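Following: one structure in structure tokens, then a few remarks.
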Amino acid sequence: MNTLENKLVEWRRDFHRYPELGFLEMRTSTLVASELERLGFVIQIGREVMSAEHCLGKPSETETKAHMEWARENGAAEKYLDEVSEGYTGIVATWDTGRPGPTLAYRVDMDALPIYESTEESHVPLRKDFRSVNTEMHACGHDAHTSIGLGLATMIAENAEQLNGKIKLIFQPAEEGARGAISMVRAGVVDDVDYFIATHIGIGVPQNHFVASNNGFLATSKIDVTFKGISSHAGGKPEEGKNAMLAAANAVINLSAVPRHSGGMTRINVGELHAGSGRNVIADEAVLKVETRGETSELNTYMKEYAESVIRGAAQMHQVGCGIELVGEGISAKGSPEVAEPLHECAEKTGLTSQVQSDEAAGSEDATFFMDAVQKQGGYATYCVLGTDLAAGHHNEKFDVNEKSLLQGVETLFKSAVKLTNE
Amino acid sequence: MNTLENKLVEWRRDFHRYPELGFLEMRTSTLVASELERLGFVIQIGREVMSAEHCLGKPSETETKAHMEWARENGAAEKYLDEVSEGYTGIVATWDTGRPGPTLAYRVDMDALPIYESTEESHVPLRKDFRSVNTEMHACGHDAHTSIGLGLATMIAENAEQLNGKIKLIFQPAEEGARGAISMVRAGVVDDVDYFIATHIGIGVPQNHFVASNNGFLATSKIDVTFKGISSHAGGKPEEGKNAMLAAANAVINLSAVPRHSGGMTRINVGELHAGSGRNVIADEAVLKVETRGETSELNTYMKEYAESVIRGAAQMHQVGCGIELVGEGISAKGSPEVAEPLHECAEKTGLTSQVQSDEAAGSEDATFFMDAVQKQGGYATYCVLGTDLAAGHHNEKFDVNEKSLLQGVETLFKSAVKLTNE
Amino acid sequence: MNTLENKLVEWRRDFHRYPELGFLEMRTSTLVASELERLGFVIQIGREVMSAEHCLGKPSETETKAHMEWARENGAAEKYLDEVSEGYTGIVATWDTGRPGPTLAYRVDMDALPIYESTEESHVPLRKDFRSVNTEMHACGHDAHTSIGLGLATMIAENAEQLNGKIKLIFQPAEEGARGAISMVRAGVVDDVDYFIATHIGIGVPQNHFVASNNGFLATSKIDVTFKGISSHAGGKPEEGKNAMLAAANAVINLSAVPRHSGGMTRINVGELHAGSGRNVIADEAVLKVETRGETSELNTYMKEYAESVIRGAAQMHQVGCGIELVGEGISAKGSPEVAEPLHECAEKTGLTSQVQSDEAAGSEDATFFMDAVQKQGGYATYCVLGTDLAAGHHNEKFDVNEKSLLQGVETLFKSAVKLTNE
Amino acid sequence: MNTLENKLVEWRRDFHRYPELGFLEMRTSTLVASELERLGFVIQIGREVMSAEHCLGKPSETETKAHMEWARENGAAEKYLDEVSEGYTGIVATWDTGRPGPTLAYRVDMDALPIYESTEESHVPLRKDFRSVNTEMHACGHDAHTSIGLGLATMIAENAEQLNGKIKLIFQPAEEGARGAISMVRAGVVDDVDYFIATHIGIGVPQNHFVASNNGFLATSKIDVTFKGISSHAGGKPEEGKNAMLAAANAVINLSAVPRHSGGMTRINVGELHAGSGRNVIADEAVLKVETRGETSELNTYMKEYAESVIRGAAQMHQVGCGIELVGEGISAKGSPEVAEPLHECAEKTGLTSQVQSDEAAGSEDATFFMDAVQKQGGYATYCVLGTDLAAGHHNEKFDVNEKSLLQGVETLFKSAVKLTNE
């Protein structure tokens, strides 16, 4: 076991050094696929496990190509590079015991954030020499998740005789911004799954603690809006312009004015607005980054639909065009006791202080799409949280996890695989 | 002539005592028609000279019926009452000399304003006992115009041998709010007219002065807007409402934000806004009174079309319905020298200090529709101003004209009829 | 007891026939005071029990005087009429047993609503001939409350030997709009109170049921806003105006855009907006009726303070003045188990199906000011709900209660007085 | 003369190749100063002729330093480099004849625009190899102006015996954005000037034509606005943010809604708006680039003051701070016939088709500050336009002048110097 612990740390630090943004996890995914193949898993990667039309907020072709070069130069595994070269970086690795039993799926995510990692001496990744080599950063723990996924794969391969049925390991791209899950769901990767477990590290749960079913997810939609008008000289021919900025400004205020809903918590935010290109020119373009949330998917849908109506009306007012693009989405979800309770018991056996369920409001997650799909077809799903000591909060430039949690996570998940396939 | 002067004063004071709002001039028009008939004119009245579908901002049937009773009780001429009972109160009185010659038209207006006339001792109509008997008031001089029209008719009848061709006297309803002219134009009353002269008293021109062609009219549109939403309890079910007030508020601000136009002067105003019926209820209705203006008809059209786009967009933003009703309209116009110059000479002969033309920006007028129609068919049209001493500005509760101007006006106009039909 | 039941119905129907709006309950309060005096209570009425400066949203002097005449003509008791003639219509009636014991207070409210009562045949008040004689209506059950207050007084007077300590009956004006309670609190009427019980009929609790402690009150502020600008001719001198409507429109939208609060439910509504006096005149005045609510008083304060900031900013934007007047206020409150539990037991003994506590979100109530004051000085307070069958919802023109509830309420309250003064 | 023509072209092309933005004309001004010194003028440069505190919209110290290096590397004249190293690049070159006579001033401007010059084959500067070496461009003809200034200096030096009094040549930085003139005026450079002539090439006047007094300048103010709020997590703690974007959006709409002015043409534009830094973060900063214009300085002041009031009100509404910085300003001006008429005669003598005066609305210009100062002290000032064939409009990437105009301009200006100092 000592060896696995070392490997977990080694993997995690390697991923930490080479962070990759969503739909660009080319180095990460090819290395992961190689290792999984080495362990004996059947590998599906790229378009086979991702629906292209359901990828939300995918980077441009130019960015994708540029990063491809970077990945190649930074140690990606050539074998799988072709298959992920267009940014379809998801992996499903299957272990079929050949024996009857349920199908289990474990999901981890692989993407990093556009955050510049701290250069302070006290920051452990700097001191221990695994600070990011580029301007991105694993500031949410997905490096740990990927490492745990590989650890779990290792234990499965080494202890396959304890298992029955089938185990699928899902390595998801682009969780940040809630963009990648839906494309794997639509590709059908959980269509045969009876039990589904997604894992996250940290998010407020202390070291040596565990939550088997985290339920407080807000449904969310991320929307990019572009207003397109016509520019003209503001002094000379103001009437010839179609002012995209005026439309955008009306949208911003009225989006904030979407009525509260008596059914529960709702949120809306326009986080960015950029319009215009010169002081004396009528602005012909304005772009907005918008986000809605709701305590339930219904509440989020209310917010999103009202928002669209505001955006279209604002465009109509000033006779400009508008494009509304959904670039991220998460739904609300509740874990199934049928999988949360066994998982809770496994955590306790691993020596963690576990609770079955927590309903505290949390952020948004697109693992909820997997959960929803599995539950709708009669299966059971949960989202568990593995406690850890954090050096700083999620999405902070000094974020760091306690690596002791890695093995705890792997053991708990492996125990759950044994338990769920032997009942 | 002394007798005519007395009659002019008598008529004017009678109309002043019994003011009637636009499309409700039932007492006025029936008395006018009776007098014109007595003088030997051929009378057309009501629907014959007005297109029902082009009457803008017509009072409701209830108001119309109620006023009909008032008119009957206050001395209307029974003979014509049926024909004006639905509020179509326009008159065209024709004098055909039987001799070859051009067709001339003189237009006056008859309606009063919803202004409560002054009760101060110094106010001449009070002192001389012809103050309004109701809550309306002739505060713009249309009582004088109607009187001048009758005076002109008298001189025509008494001096018919000096004239040739045909003379049409047009008594128009509902000039205030720019509502009545278009319906007479569309009924074709100036289709055969070669020379057209509209007359206004006052508006800044001093006693014994005359302007033969007043050109500074602003084109204008008067628009009533109604937003229709759905009410709901603002505390209990805010999401069930469709907030008409929010739409209206957005419309108000964005109407003010219609871009300036490099082609010339534009104006826009929302003069009234009423929305909602209770503090804790989402407002399900909001009504706006809007007005656009432009130095030219094109500029006003720009304003009006942009305004409609704002109104529809505001409704769309908050998912409410909207109704846009045109309740008044005037266009811009320029007098024809071919009629302005002879008219100018006649004014000078009458002893007035006259100028051919004035381009100072003035208010709006729907006589411009007559002018435009006549000019478009190859005729000549002008709008002249008869100077007078005013006791107070137009639309003021102490407004009063100097009655000495009445005969001056009649003589000038009669001279122009002689001149124009003898060239 | 049969007699009391008859009396309760008689009182209630009399109050129902003669509804009076808040701070105008002159007929009601003088009749109540007379009856209480007859029963032997010590009466305090008017300014003695109301702080003039804390009366919110009081009608104008003209309205007050006019209603005074109405009250006199409709059977008000002359004896007390002087004391309530300025609209200070609150009463505190005290029964001092002379024996040691706690001080109890029971509060009922007396005002009606500006709703025109149904004239349908099926409406019981019409059929039984106690429909409102004017255009107001008891559509919230305060007629029943006042009747219950008199019934409780009757039982106290007739069974005084069962009681100890002191009993205060508070008849509050102007509960609608949350306007009257604070002025009685500030006059000190509950400064000596150990136990406080407010009562409401209906609001969702079915016949023969009872809630001893209703807790879901939203804190609320009712605000009237007046923007004062300068009018000018919109065509002629737009720059000379100061547009109050523009300020108001900005306020409306931005009030709706006050950010949601993570601490719990908030609400805001502008229910009425009236601005401007003529289509072509820059609006020099605009008035708004605004309401904020919050799950707690802190949340309501957040909304109210943000709202004030929006209003002042909107005025500043367009250089107009603004006046903000608080015309109603309620806070959030939680009942004390120390009084709710005994009350619950008394309800059960009366034969009602009772529950100690309900936390369902309800409307707003200014009885919360009494509760807060009593609790802050170490006493115990609760707000109980007496179930009844309703013919239609509160504030509906067909609202009607089942009169069988009246005696149930009186008995429960009397039992609580016995219990609380004998512990 | 042939030689001078060649020199004019050479100078112009050299300046065209090395364009420099406002307050960064280090290469240009040092070369100009060297040449003027060589010709025998007395040179004042830098802080001596510019008031530091009145420089509007000056680039940052970093930009200034960086450009200084560029200038050094691209052929700036070392002698004057120190004096302009901080971006005070204005020059006043004086020729004192020693004989009695008036003081004349000729002003040209030197700065370029942030426009990327066309790379199309048909573009003459490309074909003739003087296309810009950097990303800036002389797309408004200031390269021609500077060349004309040097040509005029040459003729003055070579024909000094024809002149009397004193001639001052003013080379102004940062005319684009209307930023540089005021600082030279405040430094007193025209305090002793009797006749002032500013020159522009093109702007609609055709080749071989000349306008001696161009009057249609709009007064203008350029304003940068920064709203400063507080960021917070839009999902987690929306109430802790202070939303700068909401303030900015309100400002944008209400700036567009500043009422039209009956006194003449006004304009307002928000050309750029940038706010926020992340989709789920309350925006803590928003910046706006605003511009007002007016047919007169009074009208522009009306717009600017109303705009400030809108900006402050918008900040107040959402409780954010705001900074308003004036970064450019021009006033309206009318040329003096006392200098325009002699200049007109000189143009005709040069063979140009000249008109004394043109009142067509044009853009804005800060030469108006010089004109205003000279006229206020009793002198005479004009702004003349030298016609030329343009390859494309001003501020277009294909802008180019016909170099034949250069000598025409120089000769006309020199003739005016002779004429005005010999009267």
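Here the chain labels run A, B, C and D in written order, and each chain numbers its own residues starting at 1.
By our rule, a contact is a pair of C-beta atoms (placed from the backbone, for glycine too) under 8 Å apart; a residue touches a chain by one contact, two chains touch by 3 or more.
From a predicted model like this one, the values you see are computed outputs, not experimental measurements.
A centroid comparison over C-alpha atoms places C as the chain most distant from chain D. Chain copies chain A and chain D are related through a rotation whose angle, from the C-alpha fit, is 180° to the nearest 5. Centre-to-centre spacing of chain B and chain C amounts to 53 Å, using the average Cα coordinate of each chain. Averaged C-alpha coordinates give centres for chain C and chain D that are 69 Å from one another.
Across the assembly, chain A contributes 236, 238, 243, 246, 250, 253-254, 256-257, 259-260, 267-268, 282 as residues in contact with two or more other chains. Of all the residues in chain A, the ones that touch chain C in their complex are 253-254, 256-257, 259-260, 265-268. On the chain A side of its complex with chain B, the touching residues are 236-239, 241, 243, 246, 250, 254, 257, 259-263, 282, 302, 306, 309-310, 312-319. Against chain D, the residues of chain A that register as touching in their complex are 177, 218, 220, 222, 234-236, 238, 243, 245-246, 248-250, 252-253, 256, 267-283, 286, 289-291, 293, 363-364.
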